[in-house]
Amino acid sequence: MSELTHFDETGASRMVDVSAKAITARRALAEAVVEMQPATLELIRDRKHAKGDVFEVARLAGIQAAKMTSQLIPLCHVLPLDGAAVRFEVLDATRLRIETEVKVTAKTGVEMEALTAASVAALTVYDMCKAVDREMTIASVRLLEKEGGRSGHFIRPT
Amino acid sequence: MSELTHFDETGASRMVDVSAKAITARRALAEAVVEMQPATLELIRDRKHAKGDVFEVARLAGIQAAKMTSQLIPLCHVLPLDGAAVRFEVLDATRLRIETEVKVTAKTGVEMEALTAASVAALTVYDMCKAVDREMTIASVRLLEKEGGRSGHFIRPT
Amino acid sequence: MSELTHFDETGASRMVDVSAKAITARRALAEAVVEMQPATLELIRDRKHAKGDVFEVARLAGIQAAKMTSQLIPLCHVLPLDGAAVRFEVLDATRLRIETEVKVTAKTGVEMEALTAASVAALTVYDMCKAVDREMTIASVRLLEKEGGRSGHFIRPT
Amino acid sequence: MSELTHFDETGASRMVDVSAKAITARRALAEAVVEMQPATLELIRDRKHAKGDVFEVARLAGIQAAKMTSQLIPLCHVLPLDGAAVRFEVLDATRLRIETEVKVTAKTGVEMEALTAASVAALTVYDMCKAVDREMTIASVRLLEKEGGRSGHFIRPT
Amino acid sequence: MSELTHFDETGASRMVDVSAKAITARRALAEAVVEMQPATLELIRDRKHAKGDVFEVARLAGIQAAKMTSQLIPLCHVLPLDGAAVRFEVLDATRLRIETEVKVTAKTGVEMEALTAASVAALTVYDMCKAVDREMTIASVRLLEKEGGRSGHFIRPT
Amino acid sequence: MSELTHFDETGASRMVDVSAKAITARRALAEAVVEMQPATLELIRDRKHAKGDVFEVARLAGIQAAKMTSQLIPLCHVLPLDGAAVRFEVLDATRLRIETEVKVTAKTGVEMEALTAASVAALTVYDMCKAVDREMTIASVRLLEKEGGRSGHFIRPT
């Protein structure tokens, strides 16, 4: 099995040197699923009901987090993102799906930016609703798609 | 059902006013579970094998994230934490469990700090291993326990 | 005239030593007024019209900025705020008023936090609308009221 | 009237996707005017008098704020600035003018960076002088000029 | 020899739990010495000569760094500082001494805040002068004094 | 002697305008030396002994600090680094050497990033060991080498 690239031959962590890599357009798509009580999901799905828009707060938190990824993940590169979007979808009575899409023109990809945006958006949903449903679970955070760069186009098998 | 406290009566978001609340000792325990290929987990469980300590990098990222929670979660209060710890446990051939514990002496609790630490530690594990296993999933992020404050002692039912 | 407290006797800047001051409940109220074209204000005053809630984005930016004040204003103290709120009021066809209220229990006041929140909320309104109205002006940012601490209760004369 | 570009067709906020835009040299010029008591302005206009250089503190705060704009304004892109300058001009006995100039070679402009620098420099002047003049007002923050990019050369009409 | 407190019994790093410690007034004094060419020191010791005040820029950088210590040093606690000061002294023709003093009322001390302020002030002097003297050396960064807390009053032996 | 480029002709500080400079590959190498008691160095040189890896914590702190340089050093540009590495070497019984290497493809160099990484890694070693050796000294922080850009290849004379 290949070695982990974030360590050098002595086991020391490092920010991988990408100086020789080409600048290309890159895109990543990730998701998070939040499970909650039906009453909680009902409360937030219609902003008039809750008298406040949980999705918009979580969306902005996710976008801001995408921009802060290199401060959060120790070996990530600082990337001047081309764009970031966070979308919400109610899957069924208890599950909210958050999809994030991040783009950059750079030497490395934006998987971590998309995953961080999804995680922080999900955490923000938790924060907004924890007073009414403390047992909410962020059930799944994962990479869906990744485009651009030497490793080619990845689409997660379903 | 009660309203969401992060909105006022008009639906505007706000950082809840805690000026009248008592300062008490508070503690929160959270977890994240990361699912991966058996070969990936084998690679990281023994730092000599991988020639680098994935757990230590993730642990530091989680602790730093706990301290940055109020910058990530829009309506969280800035809290001078008393301590933060991140622990790892290999559950079985494909699942790594991350447990976080955060303490504070303050007017509000540290659930979000513990959950954020768990999420960012899990994201860091993903980042360190994504070159060998892109389909890793952060399968569950949730609050386990919460102590201190008016709402009493919460232990998540199993 | 009294000297400026942020300089010592040699003219060197400093973060004023507040170690001997008492911890008291403090509150500050500030405002910013944004002037724009009538069509711009009409566009944002009803979120259904603009298909997006400019006020909510600006509100969250203001609250986050209140928490970041000590990183922005060089000689400000780091303060664990008790609460922060940002409110909008349409004054007339061309003027939007933003009012901020910040509370803390600490040795120093939160004027700068309230003023920073108002400024950043106003800048965010500008950012959201600059594509349609580049000549918007942040016409007035000022302290309205300040309570707590040795200097007593200040209310800006009208 | 055109829609606000920071929202998508459903009204969700987003960081606008600039991946297809050209990288060009861009520049923005902004200003803030601070009104104060004549005695306050006299105190700070000559740094020997005040035994401390209010302008230099405010200038550095403005430059640092230009670099932090993407953390403050939720939907702004992270931009690696080419340069930033903050200049002061005493307009008359009660008004101090702050002019900021920011440059970048990027896909989006730096209006927000110039406006943020002007606002934070003005807030810092307030902070340095608030002990002697609590009623200071940031009377006007606005964009003066903007160059580079598809929208052409904008000069604010006087 | 005693174990390192930032690791637990398994060797995992942690932010030490200070929840049971008493809140006391604490103070730390640190220094950095910067060695440079005589012409460089001459250039900066009189701000009129250099047409710019290197000391003031470095001083503000040091104060800001003291406030950011917990973001820089992974296992440091977030501390709401009571005050911070940075002082300069020309020791002889080639050596500049920077002394920092930081105060807090908290459960842990501010040695790291004082040392970080001294280091960043010294780095800023380097940055300001590197165009004329690339071989400047930060020759000594060390703790001079520490007061408050269980470990008593420490004064570095000379 | 040439003037300091971080000030304009009036002595005002500024972030130097690099818009006309060419983008080139740049690299900087810096070092810090930490002096300590022989028993302290013995304790940390073998991570099994100390039951914890001081070097890995310091290495990650240094890498993170390289990414944060523009927030710490007031007039530094924001640079999207290509890579960063931190290496440790035990020089003798009392001296630990930290070497940092930073790369970027940009209009300005990364001396400050390399020096900041070295300083913060050294400060982190101090933090981890201060409970057993409060008199540790960061004995020397300096630039070793600098490549790329108009000023040519600099190697510090030994």
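Quick notes on this structure:
Each chain carries a letter (A, B, C, D, E and F) given by its place in the written order, and its residues are counted from 1.
In this section, contacts are C-beta pairs under 8 Å (C-beta built on N, C-alpha and C of every residue); 3 or more make two chains touch, one makes a residue touch a chain.
Bear in mind that the values here come from a model prediction, so they are computed numbers and not experimental data.
Common neighbours of chain A and chain F under the contact rule above are B, D. Listed by label, the chains touching chain B and chain F alike are A, E.
Note on interfaces B-C and D-E: more C-beta pairs are in contact across B-C. A separation of 15 Å divides the Cα centre of chain A from that of chain B.
With each centre defined as the average position of its C-alpha atoms, the distance from chain B to chain D rounds to 37 Å. Mean C-alpha positions place chain A and chain D at a centre distance of 31 Å. Counting partners per residue, chain C has 12-13, 53, 56-57, 60, 64, 68, 71, 74-75, 78-80 as the residues that reach two or more other chains.
Here, these are the chain pairs in contact: A-B, A-C, A-D, A-F, B-C, B-E, B-F, C-D, C-E, D-E, D-F, E-F. Touching chain E in their complex are the following residues of chain F: 1-7, 9-13, 39, 43-44, 47-48, 50-54, 57, 60-61, 64-65, 68, 71-76, 111-112, 115-116, 119-120, 122-124, 126-132, 134-143, 146, 154, 156-157. Those residues of chain E that touch chain D in the complex are listed here as 53, 56-57, 60, 64.
Note for the complex: chain D touches chain A at residues 8, 12-19, 70-71, 74-75, 77-80, 106-107.
The touching residues of chain A, counted against chain D in their complex, run 25, 55-56, 59-60, 63-64, 66-68, 78-87, 103-105.
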